[in-house]
Amino acid sequence: MNKIRDYYSTVVNNTLIDNNIYLLEMFLPGFNGMAEPGQFVMIKVNETYDPFLRRPYSILECSKEKMKFLIKIVGKGSKMIAHKKMNDKFNILGPLGVGFRVNSNRYPVLVAGGMGIAPLWFLAKRLNSQKKKFSIIYGERSASPLGDKIKKTFKKKVLLVTDDGSRGLKSTATGALSAFLDNITYKKIVLFSCGPPGMLKEITNFGIKRKIPVSISLEERMGCGIGVCLGCSVKRKNTDGFLTVCKDGPVFRAEEVSI
Amino acid sequence: MKVDLTTNIGSLKFKNPVLTASGTFGYGLLMNEIFEISELGGIITKSITLSKREGNPVPRIAETACGILNSIGLENKGIDNFFSEILPEIRKLKTNIIASIAGETEHEYGSLAERLDKYVNAFEVNISCPNVKKGGMSFGQDLTSTKRVVKKVREKTSLPLIVKLTPNVTKVEDFGKMSEDNGANAISLVNTYKGLSIDVKRRKSKLGGFTGGLSGPAIKPLALYAVWKIARNVNIPVIGCGGISDFTDAIEFFMAGASLIEVGSATFRDPDASLSILEGIRNFLETEGIKNIKEIIGVIDEN
Amino acid sequence: MKVDLTTNIGSLKFKNPVLTASGTFGYGLLMNEIFEISELGGIITKSITLSKREGNPVPRIAETACGILNSIGLENKGIDNFFSEILPEIRKLKTNIIASIAGETEHEYGSLAERLDKYVNAFEVNISCPNVKKGGMSFGQDLTSTKRVVKKVREKTSLPLIVKLTPNVTKVEDFGKMSEDNGANAISLVNTYKGLSIDVKRRKSKLGGFTGGLSGPAIKPLALYAVWKIARNVNIPVIGCGGISDFTDAIEFFMAGASLIEVGSATFRDPDASLSILEGIRNFLETEGIKNIKEIIGVIDEN
Amino acid sequence: MNKIRDYYSTVVNNTLIDNNIYLLEMFLPGFNGMAEPGQFVMIKVNETYDPFLRRPYSILECSKEKMKFLIKIVGKGSKMIAHKKMNDKFNILGPLGVGFRVNSNRYPVLVAGGMGIAPLWFLAKRLNSQKKKFSIIYGERSASPLGDKIKKTFKKKVLLVTDDGSRGLKSTATGALSAFLDNITYKKIVLFSCGPPGMLKEITNFGIKRKIPVSISLEERMGCGIGVCLGCSVKRKNTDGFLTVCKDGPVFRAEEVSI
């Protein structure tokens, strides 16, 4: 595995791409460009102690000395990160955790809801670069510029659905899944998913019912991001004990964890 | 100039006074992938209990102004797992290993000390965890219970015995004295301050365990006061802890009377915080022309 | 929608639950030049003592992470000056005037209450100041003394009597109960937490008075916990205080069980903080469709 | 007196003019331009709570909707203010306190040490605009760009002295004062001074000995800046009781306060 390092990084670009959502491009001197889709980083928000803790963000894309992130403003920390300007500098600790493992010969279907797109975007880019075929189902409340961007980037591979029917199917991502699978030619499927907890539960149950392997990426409040505080515990399924989202995850096989 | 940073607790020698606080550094194994932890004076393990504990429901961490509320609830895999999985690995680390132990009864503390006796370098007796229903802070808030636990552990081990106090009491100095009188070789403090944080939209505590313990820079002035109070009231070494995030913080604790310090939450913000603090201390002493750290311990007093 | 913000302590009616904390708002007179303070539910005066007090040496303020350490030491010109210079002016303010009183003996508290009895709207009995050598927090850390002071003041006045508690005790709820049992009409908390901060270059405390009391956002989770604890243990109104800096903070205190709140250090950062907080509370209730603030008081409880 | 207001202000310019010293120009919408030399403001360092308190700064110059400050980096707060960039916004509360009163017919000699120049700079500008004659004695450790700037602005009115003799007289400001007064034609003098506590003490004693009225501007750690916290008390001289530096001062007649 890649050694975890704390990169003193510089903002190369930061663009508002949707209501409250920024695309942040960082320069990380010394970063060798290696990370797995699903891995994340801990961003140090500022130099004073308010806020004190770093904030976890999925790697959206990366290459030698570069990383990109999608930052949605939901509170104090994310707002401060989203408002960073070109040439601002801060620390990025990573890459952290365990990402998606794509070693099967099954056809990957990526199911994302809302900001859950971030790690799956990276996965899709990786699959593209490996010239692998795959599909993305992206669910959102309502047609959005972020949806546009996903469609524009991954083109025909993307099925957009909206809760309110303002674009594509009027459905949730999971709701659209069943019909989608019936209509494709691939029979051996693997599901990769990230999104709100309710969605991850549905996907997990769907996988069990249809005997399709599912990998999910979880979110939990984090203290350290490196497995030492036990703040981000998640219960094991069918056996006792806990796993940490930050070190054992954030990506788990659906049968590993009880959510 | 070479600065002398060594210090002792009872017979145990520390190459420097920087330790990592229980529950904020795991067992050191994961941390060792990030930096060379044998540089440190010692590490204190996550508190070990006899049986495994699941801990409290998530969320377990809530941020407050310059502080962290946690309600982990002593999640750990229990002493058997510690022996089979962890001990073989951490014994390879070239630094002092201090086992933090936590029980629900004085006998549990005794058994933990008895079983671990030969395998670690010292004990830190956690009678101050605010996040468990039984044991924990309830021992540390009652002088008689404090006495009973310390006595019991003392009976079972001859290793250096550190008692970790809670600041959630009227007169913390009484607890220091009581521990010393019953065989403690050092006092460490503070454990976290009991706190609460509410999500006003959901009308619920931000923590799954409802209340939590506050740590981080927010508590530093309170912890420093508690350490100063204790240091004047006992004749054994005091280990200062609470919000130490940079080397100046550490120096403040030494000047208030701490012989060693523990770095806690700062590790969450900077994984190598303990190492930077150690380097900062060394630098400060060099710059100020102080040859031995003992020269600054307890130098301040009422104006 | 018009939101009902009114509330009562004993017979005294408050148009809204936002008060200003003693020692952080002077006597309101200077503040009235900055905003219309009659908008507030009430103001609590700087603590008044029988004789004038010089207070502690400077520096009296030291900043810590998200907090302020102060060691003012109850500087004030004494009750005679209050009668001659201040009372005539503050009686013109159209809001409740609560006199904070502080003595070195129970009799001093009694005399203060007796003399001020007809001239103010209520008393806040400060048995919790950590910055004086005699009286202050030493009363509030001892159940018997608390009882004696409260009893004595109760004898001397029929005005609403608020007892202001210190959080520097093991079980703050016992002090709430003791105050209620001896005639208090309300409990206010918290006063500041005892703390220390050191200037490592000068090897001295950053405060002229050596130790100080910690206030500000840093203490909010601790204060909120203390308020929640008390509110479950008494049947009189609780006034929440400690780090309240925006309306969300205030709502947290209401949900934890406070019927009113006091804005303290936040005024130093934003002189009109109390007013903004009041507006924020009103807005929040409107947005959430809550008609009466009483609907949210004490709504949260253990998960 | 001018009503105290909290101005949400914008950085118009911020220039490093000396080692660790910045000249900060602010735009204060709605500010009528009225303030007295010696008055100060409280600057809100940032939007998070670390640091929590505002920081006091003397007004260096002001006009309609404009204020200038000299900011020396000495710690966390001043560093954050000094590093503000063009268009950054923050709150400025003011004008606060009581400034210099120049209503006598005495010849004003302004004695400044180090950063103590700030309020006296404003006073000098005011005297200039009133076409009044005056002198400035400016003492510094060693010849500095700030000294240059003072000389360039107030020209012949300025006497520069340095502790190390690297420019002008090798002396302290107070040390130079006696000879200076002997060599000027004005006999009725008034002294205005701001600088380190030791210097203010010397000036005060000098004034007593020579029966010259002295006004000094004090500094003290501040909580509120508006007279309500009693953090900045200073003892009265020859009578008991206290005054506040922020409300009763920062400028006092030397016989008012015991320093």
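Order as written gives the chain letters A, B, C and D; numbering starts at 1 within each chain.
Basically, a contact is a pair of C-beta atoms (placed from the backbone, for glycine too) under 8 Å apart; a residue touches a chain by one contact, two chains touch by 3 or more.
If you're wondering where the values come from, they're calculated on a predicted model, not measured in any experiment.
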{"item": "Each chain counted as touching chain A and chain B at once", "value": "C, D"}
{"item": "Centre-to-centre distance between chain C and chain B (centres being mean Cα positions), rounded to whole Å", "value": "34"}
{"item": "Inter-centroid spacing, chain D versus chain A (mean Cα positions, whole Å)", "value": "55"}
{"item": "Computed distance of Cα centres, chain D from chain C, in Å", "value": "36"}
{"item": "Between chain B and chain D, centroid-to-centroid distance (C-alpha), Å", "value": "47"}
{"item": "Shared-contact residues (touching 2 or more other chains) in chain A", "value": "49-51"}
{"item": "Chain B, residues touching no fewer than two other chains", "value": "65-67, 216-217"}
{"item": "Chain contact graph, described as a line, ring, star, complete graph or other shape", "value": "complete"}
{"item": "Residue numbers on chain C that touch chain D, as the complex places them", "value": "23-26, 30-31, 33-34, 46, 52, 54-55, 58-63, 65-68, 70, 72, 75, 77, 216-217, 245, 265, 267-272"}
{"item": "Touching residues (chain side chain A, partner chain C) in the complex", "value": "49-50"}
{"item": "Parts of chain B lying in touch with chain D, wherever the complex brings them together", "value": "65-66, 217"}
{"item": "Complex interface listing, chain D residues touching chain A", "value": "46, 48-51, 76, 80"}
{"item": "Chain B - residues contacting chain C, complex", "value": "57, 64-67, 69, 141, 168-171, 193-198, 200, 203-205, 208-212, 214, 216-222, 224-225, 228, 243, 248, 251-252, 255-256, 284, 296, 299-300, 302-303"}
